[in-house]
Amino acid sequence: MEDFLEIAGKKIGNRLFIGTGKFSSYAIMKRALEVAKAEVATVALRRVDASLKAENIMDYIPQECKVMINTSGARDADEAVRIARLAKAGQAGNWIKIEVIRDNKYLLPDNIETLKAVEVLAKEGFVVFPYMSPDLSIARRMADAGASAIMPLGSPIGSNRGIKTREFIEIMVNEINLPIIVDAGLGKPSEACECMEIGCAAVLVNTAIAVSEDPVKMAKAFSQAVYAGRLAYLSGIPTAGKFASASSPLTGFLREDKPQGDGLASDSQSHKKS
Amino acid sequence: MLININGKPEEVEIKLNLVELILAKGLSVERVVIEHNLRIVPKEEWIDTRLQENDKVEIVSFVGGG
Amino acid sequence: MEDFLEIAGKKIGNRLFIGTGKFSSYAIMKRALEVAKAEVATVALRRVDASLKAENIMDYIPQECKVMINTSGARDADEAVRIARLAKAGQAGNWIKIEVIRDNKYLLPDNIETLKAVEVLAKEGFVVFPYMSPDLSIARRMADAGASAIMPLGSPIGSNRGIKTREFIEIMVNEINLPIIVDAGLGKPSEACECMEIGCAAVLVNTAIAVSEDPVKMAKAFSQAVYAGRLAYLSGIPTAGKFASASSPLTGFLREDKPQGDGLASDSQSHKKS
Amino acid sequence: MLININGKPEEVEIKLNLVELILAKGLSVERVVIEHNLRIVPKEEWIDTRLQENDKVEIVSFVGGG
Amino acid sequence: MEDFLEIAGKKIGNRLFIGTGKFSSYAIMKRALEVAKAEVATVALRRVDASLKAENIMDYIPQECKVMINTSGARDADEAVRIARLAKAGQAGNWIKIEVIRDNKYLLPDNIETLKAVEVLAKEGFVVFPYMSPDLSIARRMADAGASAIMPLGSPIGSNRGIKTREFIEIMVNEINLPIIVDAGLGKPSEACECMEIGCAAVLVNTAIAVSEDPVKMAKAFSQAVYAGRLAYLSGIPTAGKFASASSPLTGFLREDKPQGDGLASDSQSHKKS
Amino acid sequence: MEDFLEIAGKKIGNRLFIGTGKFSSYAIMKRALEVAKAEVATVALRRVDASLKAENIMDYIPQECKVMINTSGARDADEAVRIARLAKAGQAGNWIKIEVIRDNKYLLPDNIETLKAVEVLAKEGFVVFPYMSPDLSIARRMADAGASAIMPLGSPIGSNRGIKTREFIEIMVNEINLPIIVDAGLGKPSEACECMEIGCAAVLVNTAIAVSEDPVKMAKAFSQAVYAGRLAYLSGIPTAGKFASASSPLTGFLREDKPQGDGLASDSQSHKKS
Amino acid sequence: MLININGKPEEVEIKLNLVELILAKGLSVERVVIEHNLRIVPKEEWIDTRLQENDKVEIVSFVGGG
Amino acid sequence: MLININGKPEEVEIKLNLVELILAKGLSVERVVIEHNLRIVPKEEWIDTRLQENDKVEIVSFVGGG
């Protein structure tokens, strides 16, 4: 099946984007990206710390995997712009997840500063992915300002609470003519699957994979679940009903006919409220 | 000579250029990006960029993040 | 990875069981079973209807797929036992899903008659899978009576309402030393995935696949989702938290130090309730 | 001769055996199971099982079901 | 408004039944019953313990409050019947909540033994209230056996998890011609309110009141919430919709007409998916 | 109990605010406000329509009920400011619910324009209540700009879908030092009750009351439920647990001791997974 | 004389003042608010406020709303 | 004389009647119910019911419960 998400000319087959934070080692992270066949991975930028491991994370990102730099650490639009420019100078390409956070407890994004950063960076030619609190009105402005996709959060970063914003993400999927990529809070493959079933273009998962007991296996699980959800979306999901509907035929039962007034119908009738 | 590196004051040799600075700190030229007095310096200019007293230098690199 | 569900000596790799009702044709049903790589499929037994298609459903079940006959149509234990014996005489093997239903509207099973049928059929050497309303106490009796697995319902048959009995299925998974297989009501792959994440041994899906716009693709979607959920269960799913937890490092931020009392901390402080 | 087939009265030839019954109804011997007066009849006995007035016969086969 | 629940000739105005266990003192329990204006309270029966307080709980149940004895501690029908008879001999009346539990961890009832006890006690003239796992089929048998009301659980006793069996309780409300009284697991007034909104006849709450910081105030809160839910049920609850529906008029807006192509309509249009 | 919500010097005892739209007549609306003992009611402003009823809505608002004018119809900050000023000139007081909406389908507010209107109107001395999409970061700015309370939506206006934004409203309650008043989407008293249980200061309900079959009774139901939820919040709600916790004593059971290995414990043991 | 009332052109008598306008339209002076050329006019000024050709007038009042 | 009270063996005086038993245990006659050898004994019979060696007695009363 030909089913690609196309962003800025890149055709993306695997709709599970993976964040590279919190893995116990870059080697395990690499293995997770490989096993999940990830095509997009996020990376952060920080001041060098001479005391830390000398490994270069870029050596552990598979060739075929597109890097998207996040602006984590930015508290306003200016800081986000500064990080984006540094990332580009560092040969990390021009895909930027704009993340502007002023709230230390719930790590909820600042939609207004994020919008400002989108305006600046889109004009400079960056491919921008704003991470935001779900808000249709501001998402429309993000689109007008040149965002390439919208990344609403499912629940607070790293909380593993799932898609607590479902109603509003569905509205965004229906109303915004850009890929909607759920980012943050997804804790289980079933939740990622659900995002895809309602029509999201992709999901970004980090914590739930990186801190599981077996991150490589969990990366594969998320990857399969995202694919399953996408397939289901494309297959046409039947709606839920109030009542039951037999899956086996309702005729040809092997049973003796019982005299009227003695069978099931009248029985259950007698318990129904008048 | 006192300069500010990554938010902290640090004593370095006078007239150090950026390549020398990176090597002196035991870092790899390939994997870092330098901002000198708020201007990002392309790698080809590093050798000609000499530090002055009170300069502000940011040396950053990529790490895992979500 | 070696991960099999073993029932009555059969090793089952694919934990998605598929029901064969409601497909628009046996040919499409066959294709769905093949694409999903189903290893167990349910089939019903009915009085022959000369006016209907002459095809034999058994010719459309892939060789490697185990057939499980359901006792649909049975309204009490005696009728279920009769159907099971006929199925066996028809060379359909001895795997029987016991389904005893007296309620026409919600198609909810009769746990007491089902238990009686389990007692009789298990003694006769059948491998029995009782379909039941989730009830720990009766499930224990089913186990004592010789059931090979327990099939609690997620929601009414064919309703596509998902796993509305989640709390009680989790309890059964923890307390009953038999495979728990969620049967009925699953409408989306994400719901099947969730069943596997909480430790169910398998799920049985029919309506959601058969009546989707593209049953073959949907069968594949469910199959992938079930596999993803199983992988996640085996990988150790992290628990959900109340607060956020950063996925990018919390040190090394590229930012100017701001004078105290002016930064974020005090800002947000000023809004906190005293 | 009147017998009851699948819950309905039906007129059939006298002394019909079960194989003849199945063929007469245009059914395939391979895919059906017969219960004769509440007793399941193994296929090898069909040819020797002759129907009597008022016998009850159930002829069943497999269909799609969930 | 005249709105009574009538059981065995008693007209009950307050549909919050209160359990008397776990209160820090009988005095506080009494105050809670009074403030909530409870009309039915459950009480247990135990072997006397000479070392314990000499107070008689019956002295602390308000006059106008009907006592219902539960058979807690019973592990089978015989034990439940024995407790019921002792209670009657102890002048506690003939209202019996039948509670038969063999599961120590989740305290889930044994529906089959409970049904047996209903059969015996109803014949002896007791007014029986079987506490049960929600199961339509067995509830029908309880009704046939002479139960005066059905008490399905919301979630495990004392878990405060709310009404996790909602779908099945709704089915019982629709299908069983007896009062449905949700018992066990309700942790918050909003959950009790929800039970009433879906048509339950009453709820029984104990733990959530008795162990709150202020049991008297919490008893009042539950009482008000139950009343509110009943009122809402009687008022006709509007159904939920997918889309919004303005509550202020949609005409007469104070606004300048804008030239076409410049206004909202086209704006939002441009973001809609093609 | 003394428990008032104090806003701009007014002490409000009844935390159910009622919207006055959609009632079939002003007379019924008046009766609903009276029976619910409402202390705050919202009213809209529109161009006069000579063809419509000559009644003045203000004559139908009880004396003791504070009027809050909404800026419905406003598509940007300027229009909202204009409406607020007209309302004040019309002697409707200076309590303004700021509602700026550009989305016709889901009626979701425009947080950015709303914030601008807050800035202007708070400076002019209005007591402003911004209606907004739940967003912690913008709510903080609303507070800084002089809002008197924050009114996040539960779900789209008039949808009766309940509190679909619960996680984010809880965060706002914890983090913002202003009353949080859930506005829009509440369809049932249990949902209003739940808002109060999590610490909201009040709720505003219109559609669910006005379009119910008996608006007067439903207004009373909501009022009781809001009061119940507030009481519960003040009483200290116990947390939910995973397991059961008996409400009747766990000692003094009337039962014969059974020989070891024969009783419940070992029984249930035998079903536990190894 | 043509003026614009509530977004629609309307023919009115020349030099009408605001009180006359309200009464002419059968409205109640007590319950409406008037904006004249984007300026809210206090009730005490209505009698002295005379309309000119092409003036814009908004006449609003309160209605039920959520 | 050894009897079994509430599941535990207990030594009591010979030929004790039920009223005496309750008083001896410091209990209130009003608030307990007695089952003697699995038969519930009405209060009016207590005084005439004398205990025998190995009798089983259950003395129960009401407590808080949900």
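Each chain carries a letter (A, B, C, D, E, F, G and H) given by its place in the written order, and its residues are counted from 1.
By definition in this document, a residue touches a chain if its C-beta (ideal position, glycine included) is under 8 Å from a C-beta of that chain, and two chains touch if they have at least 3 such contacts.
What you are looking at is a predicted structure, and each value in this text was computed from that prediction instead of being measured.
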{"item": "Target chain H, source chain D, minimum contact steps", "value": "3"}
{"item": "Least hop count linking chain B to chain F through chains in contact", "value": "2"}
{"item": "Of E-H and C-E, whichever chain pair has more C-beta contact pairs", "value": "E-H"}
{"item": "Centroid comparison with chain C (C-alpha atoms), farthest chain", "value": "G"}
{"item": "Whole-Å gap between the CA centroids of chain F and chain H", "value": "59"}
{"item": "Mean-CA-position distance for chain G and chain C (Å)", "value": "69"}
{"item": "Where chain F and chain G are represented by their mean Cα positions, the distance between them in whole Å", "value": "37"}
{"item": "For chain C, residues contacting two or more additional chains", "value": "19, 21-22, 44-48, 70, 72, 82, 86, 102-103, 105-106, 108, 156-158, 161, 175, 206-207, 246-249, 252, 254-255, 267-268"}
{"item": "Residues of chain B touching at least two other chains", "value": "7, 58, 60, 63-66"}
{"item": "Touch list for chain D against partner chain A, complex", "value": "6-7, 58, 60, 63-66"}
{"item": "Residue numbers on chain F that touch chain E, as the complex places them", "value": "1, 19, 21-22, 44-49, 70, 72-73, 75, 79, 82-83, 86, 102-108, 156-162, 184, 187-191, 193-194, 197, 206-208, 210-215, 217-218, 220-225, 227-229, 231-232, 234-249, 251-255, 264-265, 267-268"}
{"item": "Footprint of chain B on chain A - complex, ascending", "value": "19-23, 26, 29, 42-48, 50, 54, 56-58, 69-70, 72, 82, 85-87, 89-90, 92, 157-158, 184, 204, 206-207"}
{"item": "Chain G contact footprint on chain E (complex, rising order)", "value": "246-249, 252, 254-257"}
{"item": "Residue ranges of chain F in contact with chain A within the complex", "value": "102-103, 105-106, 108-112, 133-138, 141, 155-156, 161, 164-168, 171, 175"}
